[in-house]
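Here is the structure we will look at, set down as structure tokens.
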Amino acid sequence: MGLESPFIPYLANLKTATRLTPDIKLLSVELEDPDIRASFDYKPGQFALLSTFGEGEAPFGIVSLPLQKDGLEFAVRRIGTVTRALHELEPGDILGVRGPFGNYFPLEDYMGKSIIIIGGGIGMAPLRPVINRILERRDDYEELVIINGARTPQDLVFQPEFSTWMEAPRTRLELTVDRGDEHWKGRVALVPDVVKELAPSPDNAVAIICGPPIMIRFTLTGLRNLGFKDNQIVTTLEAKMKCGLGKCARCNIGEKYVCQDGPVFTLEQISQFLEQP
Amino acid sequence: MEYQPKVIGFLCNWCSYAGADMAGTSRMDYPQNIRIIRVPCSGRVDPLFVVKCFQRGADGVLVSGCHPGDCHYTEGNYHTRRRFALLREFLDYLGIAKERLRVEWVSASEGQKFAELVSDFTSELAKLGPRSKI
Amino acid sequence: MELIQQIRDKARKLLEEGAVEGIIGYEQASDGLTSRPLFAYDPSATERLIFDETCAHNLVKYLLDKKGKKMAVVVKPCDSRAINLLLNEGQIERDKVFIIGVGCPGMVETNWNHKSETLQAKCRSCQLSKPLVYDFLAGREIERQAEEETYSDITEAEAGSVATRREFWLEQFGRCIRCYACRQVCPGCYCPVCFAERLEPLWVGIRIAPEENEMWQTIRSFHLAGRCIGCNECERVCPVDIPLSLLNRKLEKDVKGLFAFQAGLDPEEPPPFATFKKEEKLEFGE
Amino acid sequence: MNLFVSEDALIRWLDALLQERIVIAPVRVQGQTMFQPISKADSCQLSAVSNTTLSPKGWFLPPTETLFSVQRDDGQVELVPALVEQDAVLFGLHPCDAKGIALMDKPFLQEPGDALYRERRSRTALVGLACLQVQPECFCTSMGSAPDDPSNVDILLTEVEDGYIVQVVTEKGKSLLPQGLAEYKGKVPTPPKLPAVPTKEVISAMRELFNDPYWEQLADRCLHCNICAYVCPTCYCFDMRDYADKGKVERVRSWESCQSPGFSLTAGGYDPRTTKGERLRQRFYHKLLYFPEQFQDVACVGCGRCVRACPVNIDIREVISDLQQVTEAKSGS
């Protein structure tokens, strides 16, 4: 029984760890084995299970784009045992990567449409590769509206990329925070209110939303009031995961396995789940 | 390699830890089998810590605090006394000899007593021999 | 049976008057021989209430799932000690519980689809003719001709060597599959996050192996020291028949010996680890 | 073609098997029967009547196992996968347990297959034992199995006068047989009859029953322990975590159950199933609806272990018939 057990991760080492917010770090990871690195293909929306040997594994969306020079990137919020260990890794340290798992955002189907991207806090992480892929092929898409919310200004994620997003053609970046501070000059409002205010048109548009459940619930009503149908609204579900292989049933919601049938679902699909997440 | 018992010592910060410190500063040598863990009060030592020490392979555990009545927090060691009177009996019943768990009162000025206590405890554990590992 | 009819009538009246939102009692199990807990919310369901010598379940723990709701619960004398325990530890409010007390003939050893004639060990030494606390007594007091609890099995084990006891317990703990039924059934086990589930620090861990099982059983039973009321449900529900009462009764005997205390007799008296006596020596010299 | 093995020949056969294989068989332990590796033939307690307390799934998905260990030397890290060292034979399992193993094959062997599980399966022969009598809570015939169903074993034994009929099912079984077994020409005992449990009709109605208050009421008496999942031959959920012990790191897999408090709780605090009713419902829906939709077979073999072991008598047969009444009441039929 050789190494082909799907539970054994690929070895990788940490190249860089940049702090994005007080509790979120952007980890750039390079797979050790060159053949695996070359064949490790994925699409925006897919995730991997990262291992720190001694704690365990946890699922993280892959936030880089494939064949990007600085390897696989993950935005990790420090919240449990594995994330604490990931935050303590130094460049050069060894970790494990299993994946890529799950389905992905069907960006090819969205060509020729306007894209509204709504992210709350760490919810921006799985949306980043979507934004960067759209900017890579900007002409294939109509309007691009990005609404990025967070609790406080320093909790806004991916700040180094705001300027590139803002200057991209036919692209609009709206930042908002729940609570400002003395030198925050931007918007202070909840994400659902910003959506209501910007009132993006549902015609030939797709909304991709990811964030804390409360934000999603209120933003959904806003989008539906604006005329968005459930098959025009897409999200990526957060669930407890252990194997990523559709075996341990931890992410089993209704008849779906989030690790294999998801994590990306349209609202229409989710509304047909027997069990509501 | 002659059997060296592994001893874990939970020492209360105000009395026993200071006593051990005094033993050190006045050059009293005592066996270095003991690994000392400083706790604010002997009352802070949860039976869970002691059982975990035994599970991870300790041969002996010492819980040491201020003499009853001198506790910096007035009643910490009264609780320690009750807890470990029961736990000692219970562990013996479960097959961990009661001699392996000792509760002693060592004040900040009793460096000598601490040194003697550790060497006496270590030799007693050496006689008992290693615990049968699972 | 007159006792059963009294329980049913009282339960029906309580529900019809809206005095309680639900009744927690016993009904016949699907083997037609033993019994199982019943939750009755509408008066018609009270017809299924029964009480016989197979109603060993301690229903008091279910009150913890119904906090804030006024419930009636059928309580045997031994179960009533769990009421006192939970009152003493502030887990239930007395005015939220209507206690239907029953004089108890003693419960028999049962298994699924099997009812023996022999009384459970705890019942052979039980001296309680009626519950210590109740709002209504169904049936009548039943004088118990109880044998004195001498803990003979415990003292016999204590007389053996440390090595034999170690071997005995390693074999018992080796069979534990960590289903946690002993915790889930125990009225004294209600921590929001049990120490066995904590990840940081990892006190027990997920391995189902002798070492971790020993850690689990040792600390679980020690957390009941001076709190276990001897309903022995943990031993009854254990799927691999580990003699857990040998742990609980050892602690019960020592707590009586060291602190002259028995759990669940008086809801006001503080349990042994919540108090102390300055002058007691407890074999530590001072 | 049925063969015959006498009682003594069986003992000799077991001794022969013990020379080259691990033999797991029912053994008496503290008043219960458990599947355990045996060291000598006569500790094997074959019984054509009752079942073991725990199912034999523990041989293929052990309560705890190491998936791989991490070797660290001067910065270099190597992941050493756990290996299956020896062939084995699982002796004396009843057809319902054999079906349970076949059901567990579906998720574990589905690509990407679990290599450890697959290796153990291929290196373990299954010698089944038909049931001559059944216990009151058995209902295997309603779940696609039968007291004499040979389909999931390599050899099926059936107890007769001073010995056993030996029905060879697979090549693997044939290779295990001792030499010179005579042909059996006698009568094959007819399998006992079992009560029918209306599973098919109920499963089709389960979609509409998801939000029925029945589940919340049923869960009132549930203790939320893991007994039903751990005794069950087809409950296979597991947990994985690392163990760092004195410098050695191992990734460990252990049994887990959807009744446990943290089963679906994420680190961020989100949990789709927080109430008792939701968790109890998940167990029945995974067995009777989700697994069948994913693998076209019900994840229950009717062995009756959960019925016997549940401290508060949550009886899956009663749940199924209750669901039927609830559907009839709903549809007014």
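First chain written, first letter: the chains are A, B, C and D, and each begins at residue 1.
We adopt the following convention: a contact is a pair of C-beta atoms (placed from the backbone, for glycine too) under 8 Å apart; a residue touches a chain by one contact, two chains touch by 3 or more.
Every value quoted in this text rests on a predicted model; they were computed, and no experiment measured them.
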Chains touching both chain B and chain C, listed by label = none
Return the chain pair with more inter-chain C-beta contacts, choosing between C-D and A-C.
-> C-D
Geometric centre distance via CA averages, chain D-chain C, whole Å | 32
Per the C-alpha centroid definition, the whole-Å distance linking chain A and chain C comes out as 49
Intercentroid distance (Cα basis), chain B paired with chain A, Å = 51
Residues of chain A touching at least two other chains = 80
Among line, ring, star, complete and other, which one matches the pattern of chain touches?
-> other
Contacting chain pairs, sorted by label, are A-C, A-D, B-C, C-D
Touching residues (chain side chain C, partner chain B) in the complex | 154, 157-158, 162-163, 165-170, 195, 203, 210-211, 214-215, 218-219, 221-222, 225-226, 250-251, 254-255, 258-259, 272-273, 276, 278, 280, 282-286
Flag every residue of chain D that touches chain A in the complex, lowest number first.
-> 67-68, 70, 72, 75, 77, 79, 81, 83-84, 107-108, 110, 112-116, 118-119, 207, 210, 236-242, 244, 249, 251, 253, 256, 258, 263-268, 270-273, 278, 282, 285-286, 289-290, 293-294
In the complex, go through chain C and note every residue touching chain A.
-> 199-200
The answer for chain D against chain C in the complex is residues 29-32, 53-54, 63-64, 135-137, 217, 220-221, 223-227, 230-231, 239, 241, 243, 252, 254-257, 260-262, 276, 307-309, 311-313, 315, 317-318
Of all residues in chain C, which touch chain D in the complex?
-> 29-31, 34, 36-39, 57, 62, 65, 111-113, 175, 177-181, 183-185, 193, 197, 205-209, 233, 236-237, 239-241
